[in-house]
Amino acid sequence: MKIIVEEKTALTAHAEFRVRFSEVDAMDIVWHGNYARYFEDAREAFGEKYKIGFHDILQAGYTTPLVELSFNYKRPLLYGQKAKVEVFYKKTDAAKVILEYEIRDYESSMLLATGRTVQVFLDRQNQLVLSNPDFYLEWKRRNGL
Amino acid sequence: MKIIVEEKTALTAHAEFRVRFSEVDAMDIVWHGNYARYFEDAREAFGEKYKIGFHDILQAGYTTPLVELSFNYKRPLLYGQKAKVEVFYKKTDAAKVILEYEIRDYESSMLLATGRTVQVFLDRQNQLVLSNPDFYLEWKRRNGL
Amino acid sequence: MKIIVEEKTALTAHAEFRVRFSEVDAMDIVWHGNYARYFEDAREAFGEKYKIGFHDILQAGYTTPLVELSFNYKRPLLYGQKAKVEVFYKKTDAAKVILEYEIRDYESSMLLATGRTVQVFLDRQNQLVLSNPDFYLEWKRRNGL
Amino acid sequence: MKIIVEEKTALTAHAEFRVRFSEVDAMDIVWHGNYARYFEDAREAFGEKYKIGFHDILQAGYTTPLVELSFNYKRPLLYGQKAKVEVFYKKTDAAKVILEYEIRDYESSMLLATGRTVQVFLDRQNQLVLSNPDFYLEWKRRNGL
């Protein structure tokens, strides 16, 4: 039996945002579902920085839908609040992209939320790919993983 | 010069909805941008009822992006409120789909909002189609327009 | 040390939905963040059925923001697909509301996604309440828990 | 009879954005309803620049819900595209806030969409205010209108 381990890496990216009026709910805090957009902002920054964005992956013949997404809400995000969302790439031998997230207040760096996404690879026939695609192995090598 | 007129028709469809918690903003009323979803619900009901939905149009070789969208907000929609959104097809000679909308309280029928969308036809090369596609002329005929 | 256990209960509710055009992304499947709305639909149905909705809780002097939210995506949801989202109440001694969710295809009952939310109680001063509020203990009793 | 005229002013603000994956629909263009968020970004920038944001108005004892919102879509916005949204304040004697919007490609300045919002003033009892609130008259004066 092969144990799949995950390891921290130095690969990280971030995005900044200011809470929009439309993101806040009747409790005057950001509606929990909207955090998926903040994570996406960080993921897109990561994809652009490390050349592994939606279009890079599509060009290699794959898409990478999410199979897991989780949030831990620690402190509320308020209307107008400026915040930073960071994403950290986790190394794994599985044919997956595993990312972890932290949202912090922009000024105080207070931790507001954490989360995690797991993405798999589908080929052009929308079939799940069980072993690492060549382009992904190559990408890992280029990034010293 | 040809004057394009719009005429009321008997073609109408509707959808019902209950205001979700996530749709309400910090003023405790539905955030204005969310009305686009209610209109969409009515438009989809219309597409299904009259066989002119997204997939019907796609199969005929076209897409119909919106070129105009407008809302008139008359009374606020509140969290938990049950409402009905009706859509009315407007006849026109132009190669367009023109729809008008009314949102009413489900119980009292009080008018809460109105609106309008205009859609054009793009062909498979994403080029604007200036004359009515055959399938659309045929659809109009079938519906007595 | 007190071990907090969670137990299944018979308390369940559900909602039905049809995937909207606006919920689908460029991969032609529902964008992962939109599942939060489906869970919300089930949670609201639960709140209404068992008289523990947002307004019931507010009237008792509390709000119940989410502290955890997770999704497991098993099969894609497609535009136009009709589905059912069920929610199951988990019993716990902690001052929390723990709910689990299942999304299934409406016709085939095929499992499409699962998930979980954990909510805590805040009082009128927005302070975390560590022991079960009286109204919640009473609610549990009324429901045989 | 008093004719209400609207006049252009020099008061303007803008925001920049990059189209997110989640904002794009199955036609691979930004879903029309999402433009409301871009307009909001510009409106918030305007509110902050000229000290007439949601909280400024709330502090003066009012809220300003939208009563009209319209969009003209001229060219599609694509995933990843960088764009700029500008907002222009229109002078009026009515007790309203009238704003016009332009979305342009960030690089080429090509016009992609225009729009307009009209907001009214509600007092603390949520009653419509028919004459200009003092704080708004004072704000206009301070801004040379």
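The letters A, B, C and D name the chains in turn, as written, and every chain counts its residues from 1.
Throughout what follows, a residue touches a chain if its C-beta (ideal position, glycine included) is under 8 Å from a C-beta of that chain, and two chains touch if they have at least 3 such contacts.
Keep in mind that what you see is a predicted model, and the values were worked out from it rather than measured.
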Centroid comparison with chain D (C-alpha atoms), farthest chain: C
Higher-contact pair (C-beta pairs counted), A-B versus B-D: B-D
Approximate Å spacing (C-alpha centroids) for the pair chain B, chain D: 24
Centre-of-Cα separation between chain B and chain A, whole angstrom: 35
Multi-chain contact sites of chain D, meaning residues that touch two or more partners: 21-22, 26, 33, 36-37, 40, 54, 79
Complex interface listing, chain C residues touching chain D: 21-22, 24-26, 28, 31, 33, 79
Chain A-facing residues of chain C, complex: 26-27, 29, 32-34, 36-37, 40, 54, 63, 65-74, 76
Complex contacts: residues of chain C adjacent to chain B: 18, 20-22, 36-37, 40-41, 44, 53-55, 79-80
